[in-house]
Amino acid sequence: MTGPDAVDLGFARVDVGREARQGLPEVVYGTGKTAAQITSIVRTLLRHNDGPVLATRVAPEVAAAVVSEVPDGTYDPAARLLGWRPAAPTGFTVVVAAAGTADQPVAHEAAAIATAVGLDVTTVTDVGVAGLHRLLAEQDRLRAADTVIVVAGMEGALASAIGGLVACPVVAVPTSTGYGAGLEGITALLAMHASCAAGITVVNIDSGFGAAMAAFRLSRVARRGAL
Amino acid sequence: MTGPDAVDLGFARVDVGREARQGLPEVVYGTGKTAAQITSIVRTLLRHNDGPVLATRVAPEVAAAVVSEVPDGTYDPAARLLGWRPAAPTGFTVVVAAAGTADQPVAHEAAAIATAVGLDVTTVTDVGVAGLHRLLAEQDRLRAADTVIVVAGMEGALASAIGGLVACPVVAVPTSTGYGAGLEGITALLAMHASCAAGITVVNIDSGFGAAMAAFRLSRVARRGAL
Amino acid sequence: MTGPDAVDLGFARVDVGREARQGLPEVVYGTGKTAAQITSIVRTLLRHNDGPVLATRVAPEVAAAVVSEVPDGTYDPAARLLGWRPAAPTGFTVVVAAAGTADQPVAHEAAAIATAVGLDVTTVTDVGVAGLHRLLAEQDRLRAADTVIVVAGMEGALASAIGGLVACPVVAVPTSTGYGAGLEGITALLAMHASCAAGITVVNIDSGFGAAMAAFRLSRVARRGAL
Amino acid sequence: MTGPDAVDLGFARVDVGREARQGLPEVVYGTGKTAAQITSIVRTLLRHNDGPVLATRVAPEVAAAVVSEVPDGTYDPAARLLGWRPAAPTGFTVVVAAAGTADQPVAHEAAAIATAVGLDVTTVTDVGVAGLHRLLAEQDRLRAADTVIVVAGMEGALASAIGGLVACPVVAVPTSTGYGAGLEGITALLAMHASCAAGITVVNIDSGFGAAMAAFRLSRVARRGAL
Amino acid sequence: MTGPDAVDLGFARVDVGREARQGLPEVVYGTGKTAAQITSIVRTLLRHNDGPVLATRVAPEVAAAVVSEVPDGTYDPAARLLGWRPAAPTGFTVVVAAAGTADQPVAHEAAAIATAVGLDVTTVTDVGVAGLHRLLAEQDRLRAADTVIVVAGMEGALASAIGGLVACPVVAVPTSTGYGAGLEGITALLAMHASCAAGITVVNIDSGFGAAMAAFRLSRVARRGAL
Amino acid sequence: MTGPDAVDLGFARVDVGREARQGLPEVVYGTGKTAAQITSIVRTLLRHNDGPVLATRVAPEVAAAVVSEVPDGTYDPAARLLGWRPAAPTGFTVVVAAAGTADQPVAHEAAAIATAVGLDVTTVTDVGVAGLHRLLAEQDRLRAADTVIVVAGMEGALASAIGGLVACPVVAVPTSTGYGAGLEGITALLAMHASCAAGITVVNIDSGFGAAMAAFRLSRVARRGAL
Amino acid sequence: MTGPDAVDLGFARVDVGREARQGLPEVVYGTGKTAAQITSIVRTLLRHNDGPVLATRVAPEVAAAVVSEVPDGTYDPAARLLGWRPAAPTGFTVVVAAAGTADQPVAHEAAAIATAVGLDVTTVTDVGVAGLHRLLAEQDRLRAADTVIVVAGMEGALASAIGGLVACPVVAVPTSTGYGAGLEGITALLAMHASCAAGITVVNIDSGFGAAMAAFRLSRVARRGAL
Amino acid sequence: MTGPDAVDLGFARVDVGREARQGLPEVVYGTGKTAAQITSIVRTLLRHNDGPVLATRVAPEVAAAVVSEVPDGTYDPAARLLGWRPAAPTGFTVVVAAAGTADQPVAHEAAAIATAVGLDVTTVTDVGVAGLHRLLAEQDRLRAADTVIVVAGMEGALASAIGGLVACPVVAVPTSTGYGAGLEGITALLAMHASCAAGITVVNIDSGFGAAMAAFRLSRVARRGAL
């Protein structure tokens, strides 16, 4: 123990005070961690917190090993997400809009994490701007949301289009889909920032996690407003 | 008139339906427009809407010419913002945190626009991460906010630090201050996206306007939550 | 004279055979040339060809000096275009669609050159994707065109949206408008290439000239088809 | 069914109205899709449309599985293209000019797709500018074309050279061949845009598909001209 | 032998005079070298020098082969470091501060090499700026150091924060951890250079070796001061 | 006053505790500040500290105005540095080695600041690697230094060469001299990081200030070693 | 046969006139070609020319297959070069100077090709600028050369140093060795162009082939001078 | 005097031994130097050497001041070159081929410097690859040269085309002409490196000086060959 808020596991110091400070325990980033390491961190978080415990980007075989050690966990292979103690629904509605089929893994990650932390998620796919009729057919659903997460690679234009359609917060996730001039998502990231739609915000490339966390922060201020 | 929502002025088609759709009229981007053009667009917006009308990035001499033509306008030279019919305060609190003195023009733009659309804004300056004690001295104020707008150039590290301190939404604005490896704000933009703090979002370089609009969208969903 | 197709003026060798080979004389690029140089090249082109003679990117004072020397020239200050012997209309219809007001100088250049070489041009402005209703209001006009030239800066999303609406050729011109993440037009150029709309093509940043020339090539093959 | 133009397959929403709107059904992008997914989309497109149905970038083993499920399909392994119901020839002539041997896979994709949608395609190879005599030997064939598709990696200079030789539309495809300073095709893409030849247009890196679709759009306007 | 300071092994010329000139023999860079080559170079260095002999970035199987040939060597698998004749401790204290778990391999390399050349190393992990309380809990240890090596990927903000906390030299090592906008460590490298903390210095991406060597240079000037 | 360590001047919060924490007061970055602002900050720093007070990158006319208000200041126009209460010499020797004449302004800044904070500075110029004999003629002076600051633009190769000659710490400053492929100093910065010389460290482009501050940090640890 | 100078093999058109035009037959670039294709091209070149026939970047197993089909070929595995009918020595002397061990594969390619076309090649290795004494020990050999090929990765500084030592032509080859800030050879390429040494020239990254061909062109003009 | 080869002028150390070592005195780079500085350096070079003395990139007013102080100098305003004691012609022939009119300033610099150091220079302009007939009309002149310097901006394709036409050395100079995707010459530089023509070499952007110096090195080896 190196302080009241951190538990030292040798290979990592787990922040067990984040739930108190920010309303959600630290989320475990699975890339590069062994099943034993994830198991150890997850157990620590479960013991010192009350809310949901999540591990992202976990490969299926690693997930199986962890779940066999830590009871009551569920694994969502499409989102590559491990979770325990999902939060009760809060009624804060999020629409995850994915431009194309190739953007679905990132959209799945965003949706699964947002659901696990208590948001009410709907997913809409294949609404890229090259087919405006499909996008416009979803207008009502988009306008009813408390927040829209836009997941788009290639030129990332969907963020601008939805930014102009809805009045609620828009969180854009550039994806690394596409090839050539898409520059592994850099083009979409830059394009979303250069957008002509006012007030949309952007998270890192392929970061469904970042978008879900941004929506979670929004949901907290909205609930605060409700009191 | 090319449709119910647009008024054609020849040199521009003004979107007079945005207030109804998104809760705020189109904001006029002043760069490259003459005083006569701004005057004409502002008059159109004032006539077809009821809420605040704003023009950003307006040079002092252009502003003086517009104000002399359109009554009841005010000009904020630090923010380079022209405004009419500011919104009544909504009680949604925003802290604008600027890392250094050089970031203040962008912070001013964010604060002035946010205020004009009804948000309750406080500004905190010189809280860069190279002086953590100054940042920590502002913790309580930051934690009490409904939203924090972080304005930082150079390495943009303030966004990560504040993202870890507060639970509310954080909107980061990279600025083009600094020199050399700062790459006119590109480094800060990339760094904010690569941040280790979960759920912070980013807008375009130097876009105090974009951050204020993002906060405005947040305030609307918060108020919706309040009903 | 260094060959049947070139006239040597000392400071330049004028390609007087291009009209025969490509249906249009060499177009003079005005940047960095003196009034005397432009005058000399224009006279050579007028003497050895029968069709339109054009000089692009000519400053007003240079244009005035050239026009005073070479009779029957006209100068379009918005397009910065000098021209002699405009082509008769061919009936090939081009719509130039500009995303925003800031894109108009490039749109003007495209429209003026296209008109001078015999195309039938209509210009549509303020149809950026953040205001889809304004774009959709122009659908019929866009669909009736033989070719659409899309002029857009910032994130360049308009090219994708129009590419999905129309069946005819779409030539996209990225512009250097915007700031920060727009990277002086590089972001729009890359985004247009990464577009999810199939079969749109792209020319250089701010090159209204390139788009007009591409449309001229299209008009020739269309007329060939008509025979 | 989420609208008259889209069929919802769960994992994708197929745009079955594109043939009516743009003269050609949606083309399936095979990368990352399973044989079952491609089979399902292709069946939907065949049922709701009358024209050619195509799937690009399909690996041989995936193609074999799809062809065994959906009768009358053909697979072109060099182009990695699956097709059903190829269009009847329209007489619109396209020359695909590939700079070097390494550019042939992209040239094959362009040629196979263009043929499948009804264009009359000839391919010319090894005509890079370092061997001008080989290029000049093909002048007549190039000048007779309705459109030339130029496929070139490395420095992409072939686009400029052909742009100066022919009067018809030129669509340039940068390829990712070469190494080092070629930057995986970025150098060729930028060089083609900076070309000194007026009116050539560019599509994404390695996008033989994009070039073929651009040529298809051209063929439609040419046929319209013919009426 | 091509000179008094170099021994020619055919495939390499070993600099056996560096120990005399710079206080430490040449360090062998293991990447791309065979076990036989490393064995040969190490033997040469051991024979012509008296101090520590090190080989970095050596894979486990290569290391085993070398150790079986050259007696008294030790291999640190976490640091991928092979060493002979470690230096006696000099009392010069270095704290290696790693922002997150993913930065540990680079931190291990820095710590192991610094220890092998006689520095007194302590490692601190999981002190990223998104959890300032964990960083501040280590303030005393950081301030007591003669030099701090900061190892951080993503946005690299830890360098700025520690630069503001301590008065001693700070050597920052950007790492290639993270994804998307992290650009394989380029973002962290640029951000560390653009830092608002005065007088921090930076070495190459993932170069724990470079940081340890910089600290070794510092320790020599400090000892010189002590005389 | 917002805390014991900061004095709030309205437009800036001055960190008056840095001298106690880091051995040197905050250095004022003059770019973009008015003479009145610099005067006010300097007065505050002089009042709350005992050591040297410095303002960098101050234009001559601004400097004259400040000096007329705050007694005992000196201005070094080559270094664009304003200073009060220079530190007594500490005997810590620094050689500033500038590759070429064009690098001298940055070398001046480094030398003047290092001198003002108590270091014993010698400057060596025109020792670029294209003239190795001039560099080798300075070997003894370089080897006798406690630290070498290398100032070089273009390809920045001097850092590698000196890194191989001396055993002491080497701080490299890339400069924005040169043109074309020098990329305003980015090439030199990257090249210095990719250097084959072990243990050299790098600061921001043109940052003579950063190098001087790094040397100051080194001098403190050396003196600590001396106790 | 598509012309007197080209033989059409279906998959490639072989330029059999290059030997007459440029003094050397086309060199076959082996990457991506099958053994059968290389065999076919080599046979064509051997039949229509008299001089050396070369194929570069050929994998060992492909080389074995070709050699078994086409008699009298030799394969150099270090250079990955296949050759027939090597040229007689011309007495034109080339020194290939490689900065480090990792640069040797590229140096091998340069040396082997240069030898095959008749140049008299000496190779010098481990002469990087961080060890100037090793470089200076080779001064006489370098100064005696007709041309020096410099092969260096990382920061590429060796080109500048040798450019200052010798009066003959210097051809620099940046290599992709190193990591991080070396950017796969881009940094070395840019640094070599920004070099402070006058009159050095640069070829593509890792292109030992390009450097050998440049030296061959030099040898021809030197021999022409000799007549 | 700091050595036999350098004269210390305080603000610069002049390398007066270069003529002996490399056959030509140091060339003065005029950018950023005052007339008094250039005068002083030129006088030193004239006194200690016998051959030509040159100063490049000198503005007309600076040149006039220097010429009035140092007798027998000539100034070429198109090349911005000051020279004394031009070398006698050596008979080594160089053709400078400029792609377009905008490339002429760089071509002038190359031609004027090459002439001043004794080369026999012919200039050919307007031979860009978009007009191959103009280039082919110059074939004989190009093939007769001992060396060709190719000056081209935009896409830089001329280097590849000439590389394929001639057997002699080709030195390519990318220029910063053009706009947008030309990236101030970076695109041309990269494209020239990625060229499909074997054995062409490249110098820095806009560096007519570098190309002339490369040609001078070539002329020396050719003359050596002649002995």
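Note that the chains take the letters A, B, C, D, E, F, G and H in the order they are written out, and that residue 1 is the start of every chain.
We adopt the following convention: contacts are C-beta pairs under 8 Å (C-beta built on N, C-alpha and C of every residue); 3 or more make two chains touch, one makes a residue touch a chain.
The structure displayed is predicted, hence computed values, not measured ones.
A.B. asks: Which chain maximises the distance between its CA centroid and that of subunit A?
C.D. replies: Most remote chain from subunit A, centroid-wise, comes out as H.
A.B. asks: Using the touch rule from the top, work out which pair, C-H or D-H, shares more C-beta pairs.
C.D. replies: Result: the pair with more contacts is D-H.
A.B. asks: Take the average of all CA coordinates in subunit E, do the same for subunit F, and state the distance between these two points in whole angstrom.
C.D. replies: 26
A.B. asks: What is the distance, in whole Å, between the centres of subunit F and subunit G, each centre taken as the mean of its C-alpha atoms?
C.D. replies: 44
A.B. asks: Mind checking the centre-to-centre distance between subunit A and subunit H? Centres are C-alpha means, answer in whole Å.
C.D. replies: The answer is 57 Å.
A.B. asks: For subunit B and subunit F, let me know how many angstrom lie between their CA-based centres, rounded off.
C.D. replies: Between these chains, centre-to-centre, one finds 36 Å.
A.B. asks: Return the residues of subunit C touching two or more other chains; collapse runs of consecutive numbers into ranges.
C.D. replies: Only 131, 165, 180-182, 189, 193-195, 198, 204-205 qualify.
A.B. asks: Go through the chains and record each pair that touches.
C.D. replies: Touching chain pairs, listed by label, come out as A-B, A-C, A-D, A-E, B-C, B-E, B-F, C-D, C-H, D-G, D-H, E-F, E-G, F-G, F-H, G-H.
A.B. asks: Any idea which subunit B residues touch subunit A in the complex?
C.D. replies: Those residues of subunit B that touch subunit A are 21-23, 27, 92, 146-147, 165-171, 189, 193-195, 198-205, 209-210, 212-218, 220-226.
A.B. asks: Could you please specify the touching residues of subunit G with respect to subunit D in the complex?
C.D. replies: Subunit G residues touching subunit D: 2-3, 5-6, 11-13, 15, 17-18, 29, 31-33, 174, 176, 185-186, 189, 204-207.
A.B. asks: Spell out the residues on subunit H that touch subunit D in their complex, using ranges where they run on.
C.D. replies: 99-100, 128-132, 136, 153-157, 160-161, 163-165, 178, 180-183, 187-198
A.B. asks: Using the touch rule from the top, collect the residues of subunit C that touch subunit B in their complex.
C.D. replies: 101-102, 104, 125-126, 131, 133-134, 137-138, 179-182
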